[in-house]
Amino acid sequence: MADTYVLVHGAWHTGAELEPVARELRAAGHTVWCPTLAGNRPGDDRARTGLADSVASLVEFVEGQQLTQVRLVGHSYGGMVISGAAARLLPRLARLVYVNAFVPLPGECLNDMVPPHYKALFDAVAAGNGNAVMLPFEIWREAFINDADLELAQTAYAKLNQHPYRTFTEPIELEQPVAALAVGKSYLNCVLDIAMPASMPWHPRLSERLGLFRYIECAGSHEAWFTQPVALARAIIEAGRD
Amino acid sequence: MADTYVLVHGAWHTGAELEPVARELRAAGHTVWCPTLAGNRPGDDRARTGLADSVASLVEFVEGQQLTQVRLVGHSYGGMVISGAAARLLPRLARLVYVNAFVPLPGECLNDMVPPHYKALFDAVAAGNGNAVMLPFEIWREAFINDADLELAQTAYAKLNQHPYRTFTEPIELEQPVAALAVGKSYLNCVLDIAMPASMPWHPRLSERLGLFRYIECAGSHEAWFTQPVALARAIIEAGRD
Amino acid sequence: MADTYVLVHGAWHTGAELEPVARELRAAGHTVWCPTLAGNRPGDDRARTGLADSVASLVEFVEGQQLTQVRLVGHSYGGMVISGAAARLLPRLARLVYVNAFVPLPGECLNDMVPPHYKALFDAVAAGNGNAVMLPFEIWREAFINDADLELAQTAYAKLNQHPYRTFTEPIELEQPVAALAVGKSYLNCVLDIAMPASMPWHPRLSERLGLFRYIECAGSHEAWFTQPVALARAIIEAGRD
């Protein structure tokens, strides 16, 4: 079955970093799009782009391409964006897939779901950096891409871009919880992911906000897109199929 | 080493659905029986069959076949049944193996161990269905057989039978906790199983009721009997051996 | 990259039992040492050897061999010993790796981190055994080496030695928490390990005491050194590399 996937990247990433996984999905016969969200494109205004802008850019992309029966896959921060876009895109959606992704309740911002030490770090970085944030390499290497060797950790880090902090602090506009949307939902959890501490985990803390959902696991860390593209693509298919 | 296994099915199943796993165990040299419990046979009275009837049918089977050194394996609801039968079969048992199965304390019924939303659902279904229950396909597909493709989810669902609800509501008769029985115990956990929510998990919530127990994991969902028969058979051997 | 590993055994073990894993690491190009700690050598005084003696023997070994850029790997009780040695060996260390190991806070002893039923058991055994402890075979077989067949469980058990109980009851001397040491830290968790109960797990209860740490998983039980030497060696490399 040829399905249509739209892969929505996380903070600091663009669609280009998802291409290795997209290639695997295409090799399995699927159509795959990896748009880059507003705020993460070259030249985007990192000081002012907010969550609503990013959501709008995803809606615009899916509508502009006239995609239907879309399996909308959000990674990490991308979970905020697919959540914000889901109601507007509902007639075009076949399923929502969260990959170690944030699942906001109405009115929450991303920072409401992260531990205090991340928020404190981001606040400090943004204050001295034109309201854009970057992840320190040491945290990236140990807690985000813990399953990579040092060389891959470094080359992957070099691809990241400054992220507009307003997308972390701006509350999401949702008329109802994602769980209430009449579309299938899956949560894909990479089992080595420690980007969130165990006391505030991705799963089940955020996955169970989806109501009835399909649970799928995958090898790898938060950055399995770099370290485990084949396994991640297979898991996305298990999560995304009917 | 040729061991004797009795595989005890869960709710809505019969022994026939365990045959793919039984075949793998036999190929490894073991003797395997897959009886169908009272209440799940064609023509059984779904309105009146209770847990004690189901337990009695298992005791009768093992005694009737004059089996000894039995590794008694219960899946899901089958954990209620092997728990109820264990004391009476003790001289014939080599080990108890729970596969994502209920482990009741004396006087508990299955419904005491499930989340309120399942109990509410089952109550409603049973009320309009002659005290028999069936699982809605949507829940089956997403939360029970989440690792299957749609076709397998459908063909497996077509094999299920109406389950006598009294076996969920009738308290078990146990003179002492299962942990006190002088026989080895194992708990086998399929890691994708989300039939129970993460806040009321199979393991460790129910496994630790076994006291000293051997822990084994397997790939797959609650219905790994359909989706992962080879891996499940191997894991049952790891759980069931001396 | 040829790295230097020092593998530090757990209670009841000597360095010899780590050799199958060491061989795999050497085959990957690394230099590996498996010293036996004071208290676990033939002829050591099991009644009087304490934690400080064991720590001193590790420091002495690393300094005596003039090792540098050491990846210091502690298993189980070995986590106490590498924690106690780390500050003194700091200029010689490249990374600390805890393998299902204890991570003490300043002033804690090992017994402060185990469930009450273990402490009660050890107290009773030590009282009648010259202050040395041994693990009952039944617990070893079900909860420590749950993934072995019976023969391996027995041959591995036969290699264990009486362990000096003072190393479990003597508080560790630490000037500051391990988290504060300026060296990378990793926690490697064997996913079948139930030597600690799920209510007092190795990870995240003890791993998060490391502050920023790299998380790696491995197949196998607490005794993966015997049951999964190839997988464990690979995981140690993932945990130990820069």
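As written, the chains take the letters A, B and C, and residue 1 is the first residue of each chain.
Note that in this section contacts are C-beta pairs under 8 Å (C-beta built on N, C-alpha and C of every residue); 3 or more make two chains touch, one makes a residue touch a chain.
Source: prediction; values computed, not measured.
The minimum number of touch steps linking subunit B to subunit C comes to 1. Two copies of one sequence, subunit A and subunit B, touch each other mainly through non-matching residues, since under half of the numbers at the interface are common to both.
Separating the CA-averaged centres of subunit A and subunit B is a span of 38 Å. Residues of subunit A in contact with two or more other chains: none.
By the touch criterion stated above, subunit A contacts subunit C in their complex at residues 138-139, 141-143, 146-147, 149-150, 191-192, 194, 197-199.
Those residues of subunit B that touch subunit C in the complex are listed here as 184, 203-204, 207-208, 212-217, 238, 241-242.
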